[in-house]
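Please find the structures below.
Two complexes come next, and they have one chain in common, subunit A, joined by subunit B in the first and subunit C in the second.
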Partner chain A sequence: MPFKKPVQKYNASINTVELGVGDKKIVLGGENVLPLYTFDGAIENAPKVGIEISDLGYADQVPGISGFYADCATIADMAKKAASIEAVDFVCLRLDSADPNGYDASFEDCVATAKAVAEAIDKPLVIAGCKNDEKDAQLFTKIADALQGKNVLMFSAKEANYKGIAASAGLAYGQKVGAESAVDINLAKQLNVLITQMGVNASNVVMNTGTAAAGYGFEYVVSTMDRVKAAALGQNDASLQLPIMTPVGSETWGVKESVASEEDMPAWGSQEKRGIGMEVTTAAAVLASGSNAVILRHPESVAAVAKLIKELI
Partner chain B sequence: MALKGIDIFKLTPKTNCKECGNPTCMAFSMKVASGAVEITKCPHLSDEVLAKVSESNAPPMKTIAVKAGDTEYKLGGETVLYRHEKTFVSKTLYAMTVCTDMEDNDAKIAESMKVDYDRIGERMYCEYIFVNCGEKKDEFVALAQKAAAANRGVVLNCSDVETMKAAATAIKDAQPILNGADASNYEAMSAVATELGCVLGVTGADLDELYETVTKLEALGNKNLILDVGTASVKAAFEGAVQIRRAALLNKDRTFGYPTIVNVAKLAAGDEAFETALASLFTLKYGSIVVLSDMTYAKSLALHGLRQNVFTDPQKPMKVEPGIYPLNKADADAPCCITVDFALTYFVVSGELERSGVPCNLLISDAGGYSVLTAWAAGKLSASTIVKFINEYEIANKINNRTLILPGKVAVLKGEVQDKLPDWNVVVGPAEAVGLVKFMKELQA
Partner chain C sequence: MGKFVVIGERIHCISPVIREAMNTMNPEPILKRAEEQLKAGATYLDLNIGPAESNGEELMKWAVTTLQGAFDNVPLALDTANMKAIEAGISVYNRSKGKPIVNSADAGDRIEYIDLAANNDAICVALCSKAGVPADNDERMAYLQEMLERGLTLGMEPEDLWFDPLFLVIKGMQDKQMDVLEFIRMISEQGLNSTGGLSNNSNGMPKNIRPIMDSAMVAMAMMCGLTSAIVNPCDLRLMETIKSCDIIKNETLYADSYLEI
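Showing the complex of A and B:
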């Protein structure tokens, strides 16, 4: 009796969402098979790799990150350098400076930064906020206005602030909206429904179903994505057929494994290698669970994860 | 095809004798069909019936017992493709590679063995050594013995039967996995494995050939197998790992109902970060043994953490040991923060406290592995449990500082805790861990 290959191909598929404009624009999603299962059916749009830059700079990071940007005088230079990596599909600008509990940069400054970055690169741009819901809502609105026509992703709207972001970025200024929920399939579904009920077309929304670094309650991240894809494809649940983008670097570069110095943990060896280990492990795991895009920090991680995707798709 | 309850019922004596512990033969049959009870509990069945039922109702994926040093592990035995459907039962084991063609095997083993630590009650280390037979076949036995001496599990990787036999015989007490059977040598290789009582690793040029070889091995009576997905390409290895698992669990095809071995060291060919990415992929997608080039903390901290999460039973929360956890080089004069023993709470809270840079003693109380609010609602985090913890662990003797910070979510407990601990200054902390950095800095100021 010969081996009979099982096939899990679905009639439903994940929505496609376009980011950016021109030659370098990217398409997320579109598949009708489980994550990376090309043997069940072709995956036309391979998962994408983004690189994250912070407007506060990366002077205090590990040498591989700080050194990479060492010759960059401005954030626009950093963006250009980041986008110059061939494997990078898009750039994510994190506006850490806007944090009211930190540097508390003004809206004007942040908009100017976003504009400078958008003009410096021809790859798609994702704008991440400062994790302060109120400030982010206003910030995204102003940037969405200033960057009209660039087709950027505002990453992300949450349950607490989605209204303003969806209305401005999603409806008024024709940008893409990120829908961020905290590792729970029901919360993810609810936020998608709320945003689309406001009139934002689902093909303009990308989910962030929540993330963690590997080892830090990561089983919830995996199970949430597993269940989202199962519902989207298996049960044709339109409210979950949105592509998923997962910020990985911003999580993994903050945990003990990546920040403990070699003086404090001599047995652990190179801090940089530990950080890359955490970043690629987490990225590969979210890709296996269903992310259509990941955002990383370290150029070596970008190379490794892009290679993984290339080999698999 | 598994027999249904009604089919099993037809084979029972139908006397409702209750000797199996069930009220009726029907009830017993239903339980057997669901896998809750062994058919052998019924004393009135012929051997023929027992064999028929246990064969047809055996789990779709076999559990293969292996020995790694002094520790016994189980590979396979999975019943679901996704952990949320029930749980994964046999965690991925990691191996490091040595090869007869490499010079520095001793140093490499010693270096990889240094990675050995505890993470939330689980020993994290490199469970296996993968001994590859390269061009220098005559050195295989000696290298196998070196690997066995490290007191870890050994996978012998060699397709030459005589060389394999010599090495396997030399270290048979270590019960190595003999990874070397293929379409050309399976009969002889299987004889060696059977004679020594070892698990046999099987590979094939593609899935069809592998399937055929496994069928032939089973016909020879060898069902103590592990399937090597090969190293033709990343794509082929990934397809192999997924298809083998899906064939067993979705199609109930027992020919592929075996655990797998994935050599990511070979697939990555020296690209360290890529190797780690592959190991992560195959930890999630169905690798039972993942072979790395070596084990370093850079790989282990990430991969073992990932594995510990993914192989957690969703029905049982991960817990940390109750006790005092000094952070940021805290001594007896640093203030105390108390919270629950749910692992995720511990990680988030300790992470934020560390980020604050303020020395403090994190007190983890026994709350049954629940989060703060759940534990409070279940009565597992209350003024009395806090006081009980402080007394049982003799916190007042061990710590001089008398500031006790409660989780903001249970601010309601402050009055009662303060009444019961009059010597202490009870303070309410932030409701979310993210607020701890600011809170601790202000407290210190």
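Showing the complex of A and C:
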């Protein structure tokens, strides 16, 4: 009997969300098959690769990262350099300086930084905060206002601060809103419901369902994403048919495999190679589980993951 | 089996307002009831134009295009004793949100409704009865098999026959209720779909009691595998029960706002 290949195609699909403007704008989502399942149906919009820069600079990072930006005098220079990598689809500016427990940079300074970065690049921009819910909410509101017309993604609103971010970025200033939950499938759905109930169109929302470095509770990350896609496609659950963006580099470059020096751990070999390995492995795994975009830090990781996507899609 | 399918029953010519609207082809009252039901969570809307012997075809076409035009091609169940009117309705029906439902066939005089559904690639509600109430589940099953065979012979997919176990009124047939539930389980065990006029169970009960009884019935029926019901979606208690049962059955993913979506 001849083998008949079963096809798993769904009558539901993931929403498309556009980021950026002009020639370099990108589209996330749109697929009606499971992640990377091109054998079941075409995936029109391949997963996208973003590169992350911090407004505190990367002087303390591994040589491959710090060296890459060594000739950059300003954060705008860094953004330009990052965006010049061909495989990079978008740039993520992380405003670490805003942290009230750290540098506590003023809103004015952060807005100026965001503006300078937005002007320096023509690729889409994602703005990540300082992980302080209160400060981020105000920060995103001010930046969303300042960058009107640039179609940037505010990454992200959480349960504690979504109202202000959704109202400003999503409604008043026409930007995109990230919806972040910490590896909690029910909260992921709930947050999408709450944001859309405020009047934000679902096609202006990107999910961050939470992340971890591979090996650090990562199976929960994967099972959450699996469940999101199963509900979105298999149960036609409109509240979960949103593309997912996963910050990878900010997680993986903080775990011991990436931080421990070769001097301390001679048996583990090159620190930089380990760090890239952690970043690429984690990115590949979240892409296979449903991420429509990943944010990486090391230029070599960007090249490797972009190549992986190109070979698969 | 998937999320429970609620078919809203409130566009029915037995209501004086709707009958008047159908007589004069006045869209307002019909659209108002459609909107209420969709807001309350109905997936399909039942469109019952009664016997409609004289102008059934024209009326059904008008009603289908009116409803689908106003509500993004809402899927409909076409409900009338006039078969030509159902065919006319299907001829103008847009399938983008779901196949039309032919409501309904039985194993007796209305067996040809299955042919009608098969010829028009529609879903068919199939009442497991011939004349009157079946004596027991053996009789119901015999009718089910007869209708299933007919549908399959005509090229229908088994999931397009939605078998109606015939919900019975508690006031009068209280001792038969568990039979009905058992029959739903038998339908479900064959992997088949089911639906029916569930609120018939509470017929004749005081107004304040009916939502309670209907909710209990739908929960027990969903436990047995009921996949759909033709009900009043504006009954809040009933809809809350259906949504909660869908959560317990893992047919929809829980979120704190699940009752609002």
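In the analysis below, the second predicted complex is superposed on the first by the 313 of 313 C-alpha atoms of A that agree within 3 Å, B and C clash if a C-alpha of one lies under 4 Å from a C-alpha of the other, contacts with A are read in each partner's own complex, and residues count from 1 in each chain.
Quick note on the criterion: a residue touches a chain if its C-beta (ideal position, glycine included) is under 8 Å from a C-beta of that chain, and two chains touch if they have at least 3 such contacts.
Remember, it's a predicted structure, so these values are computed and weren't measured experimentally.
After overlaying the two complexes on the shared chain, residue contacts for A:240 are found with subunit C alone; subunit B is out of touch. Residue contacts after overlaying the shared chain place A:214 against subunit B, while subunit C stays out of touching range.
When the two structures are aligned on the shared chain, A:186 is found in touch with subunit C, with no touch to subunit B. In the superposed pair of complexes, A:267 makes contact with subunit B only, with no contact to subunit C.
Ranked by how many residues of subunit A each touches, subunit B and subunit C are led by B.
In the overlay built on the shared chain, the residue A:197 is in contact with subunit C alone; subunit B does not reach it.
In the superposition on chain A, A:227 makes contact with both subunit B and subunit C.
Touching of subunit A by both subunit B and subunit C, each in its own complex, is seen for residues 227. Listing the residues of subunit B that touch subunit A in their complex gives 82-84, 114, 119, 207-208, 210-212, 215, 233-235, 238-239, 242-243, 246-247, 250-251, 253, 255-256, 271-274, 276-281, 283-285, 296-299, 301-306, 308-310, 312, 314, 343-344, 347-348, 351, 354-355, 438. Of all residues in subunit A, only 185-187, 189-190, 193-194, 197, 227, 231, 235-237, 239-240 touch subunit C in the complex they form. Subunit C meets subunit A in the complex at residues 2-3, 251-257, 260-261. Looking at the complex, you find that subunit A touches subunit B at residues 1-6, 8, 36-39, 101, 213-220, 222-223, 226-227, 230, 254-257, 267-270, 273-274, 276-278, 280-285, 287-289, 300-301, 303-305, 307-308, 311-312.
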